[in-house]
Amino acid sequence: SNGIGMQDFVRMYNHLSERCFSDCVNDFTSRTTTTKEQGCVGRCVQKFVQLSQRVGQRFSEQQALQAEQQAAAAAAGTR
Amino acid sequence: SNGIGMQDFVRMYNHLSERCFSDCVNDFTSRTTTTKEQGCVGRCVQKFVQLSQRVGQRFSEQQALQAEQQAAAAAAGTR
Amino acid sequence: SNGIGMQDFVRMYNHLSERCFSDCVNDFTSRTTTTKEQGCVGRCVQKFVQLSQRVGQRFSEQQALQAEQQAAAAAAGTR
Amino acid sequence: QFQQQQALAMAEQELEAFSDLFSRMTHGCWTKCIANNYADGSLAKGETVCIDRCVAKFAEVHTRIGQSLAEMQQAQQGAAPAAPQ
Amino acid sequence: QFQQQQALAMAEQELEAFSDLFSRMTHGCWTKCIANNYADGSLAKGETVCIDRCVAKFAEVHTRIGQSLAEMQQAQQGAAPAAPQ
Amino acid sequence: QFQQQQALAMAEQELEAFSDLFSRMTHGCWTKCIANNYADGSLAKGETVCIDRCVAKFAEVHTRIGQSLAEMQQAQQGAAPAAPQ
């Protein structure tokens, strides 16, 4: 179970690198990132972390609500 | 083996949700889907199921044909 | 460990088929590929293999360099 | 002990299914709600509102699709007698 | 018994490879043959014809690429003596 | 023996992480550096130069992002005392 969490983290991290690289790096005239690209990558990561936390919160609220409704429906069904 | 089938189904189901959501839902002025979006999602799912069954049929026909040809070639080779 | 290498190869192979198909095949008036499409697929594969080898080489050089720098930094830290 | 192993395997599968869904949802709502230029490092007010609605709508679509798939499966098994087990 | 385990592991890998290929093929033919607006819930005649050809072409491309990869690998191992199993 | 199994599991995870990263890097640099028409079967001079820089920049971005994530995690755990392993 600890291993699965690690694997998910690694995939998220690699995916984030791919997306921020793809969206922010477009200049291949040098081997190192420009200041502009670094800024873009930084903001890309910050936004993603906030987005990801927000999606997680809202989604678990949603799940809890749904579980409640199902329980209520089941209770009504057995009556 | 039963477990693998389940995992494939789950991935297909999640992938389908992602694609139909991405293609059909574009209005974020409310928290619930519009009638138009619901219709689009419904047709998206129907089409995908038909597509998926057709691809499966054609692909297995193809595989069977290929296996036959390989067997014929092998038989010719050993002669 | 042998199995993991095989799995990576299979995914790479399937991914390559998907990409070269998507980039090269656009004519669905017949059931077999045209000479033009075959040529495109062939060049697509050749390019990918060269790209993939080059990325592998450069990336491992990069990794080696980074490991050296970390070792140097660690050595400086313990001094 | 065999049952325990099965229960563990099922829990792992459920976790993986959930994690896959969460990642697709995050990815989908990124595409729908976040401007690609990353002018700012924090979420704008409009972006947070959009994300909340996007999660609700994605979850709704996911549930609807699950229901459709179940209905189609039942319709296909239709006349055929239910398999034991 | 070790051999049985190996055979099982290989069969599982083959199944996974096949399932991965099938999913990419479905995805690819969706993009090539299905209109994005989903005006109708069933496949149009033109779409079914396109899907049949798409599957045939995808399978052909997949086979061709497998042959190319095998040839390249042989060419690279070239002069080198074949490694004993 | 339990430690050996753990070490093996960690090595496998590392290998998978590396393989996933390598595949994303290859994919990303393909998109950035290779013209889509495949007019020629070998890499053009401009393409090889682009690939070398693309790998360097991708690796740099990956490292930077890892550092950012670590910093954010530390900032969040902030005042809270470190949990005993």
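Letters A, B, C, D, E and F mark the chains in the order given here, with residues in each chain numbered from 1 onward.
Throughout what follows, a contact is a pair of C-beta atoms (placed from the backbone, for glycine too) under 8 Å apart; a residue touches a chain by one contact, two chains touch by 3 or more.
What you see is a predicted model, and the numbers here were worked out from it, not measured in a lab.
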Open item on the list: Relative to chain F, which chain's C-alpha centre is the most remote?
Closed with: B
- [ ] Could you tell me which of C-F, A-F or A-D has an interface matching C-E, in the sense that over half of the contact pairs are shared by residue number?
- [x] A-F
Task: From chain E, the most remote chain by mean C-alpha position - done: A
Task: Distance between chain centroids, defined by C-alpha means - chain A, chain B (Å) - done: 26
- [ ] Calculate how many whole Å lie between the centre of chain E and the centre of chain F, each centre taken as the average of the chain's C-alpha atoms.
- [x] 26
Task: CA centroid of chain B to CA centroid of chain E, Å - done: 14
Task: Where chain E touches two or more other chains at once, by residue number - done: 16, 27, 33, 52, 56
Task: Residue list for chain C, restricted to those that touch at least two other chains - done: 11, 15, 24, 42, 46
- [ ] Under the touch definition up top, go round the ring from chain C by way of chain F and list the chains.
- [x] C, F, A, D, B, E
Open item on the list: Using the touch definition from the top, list the residues of chain D that touch chain A in their complex.
Closed with: 12, 15-16, 19, 22-23, 25-27, 29-30, 33-34, 36-43, 47-48, 51-52, 55-56, 59, 63
Task: Residues on chain E engaged by chain C in the complex (per definition of touch) - done: 9, 13, 16-17, 20-21, 24, 27-28, 31-33, 49-50, 52-54, 56-58, 60-62, 64-66, 68-69, 72
Open item on the list: Give the list of chain B residues in touch with chain E in this complex.
Closed with: 1, 4, 8, 11-12, 15, 19, 23-24, 40, 42-44, 46-48, 50-52, 54-56, 58-59, 62-63, 66
Open item on the list: Which stretch or stretches of chain A touch chain F in the complex?
Closed with: 3, 6-7, 10-11, 13-18, 20-22, 24-26, 28-33, 37-38, 41-42, 45-46, 49
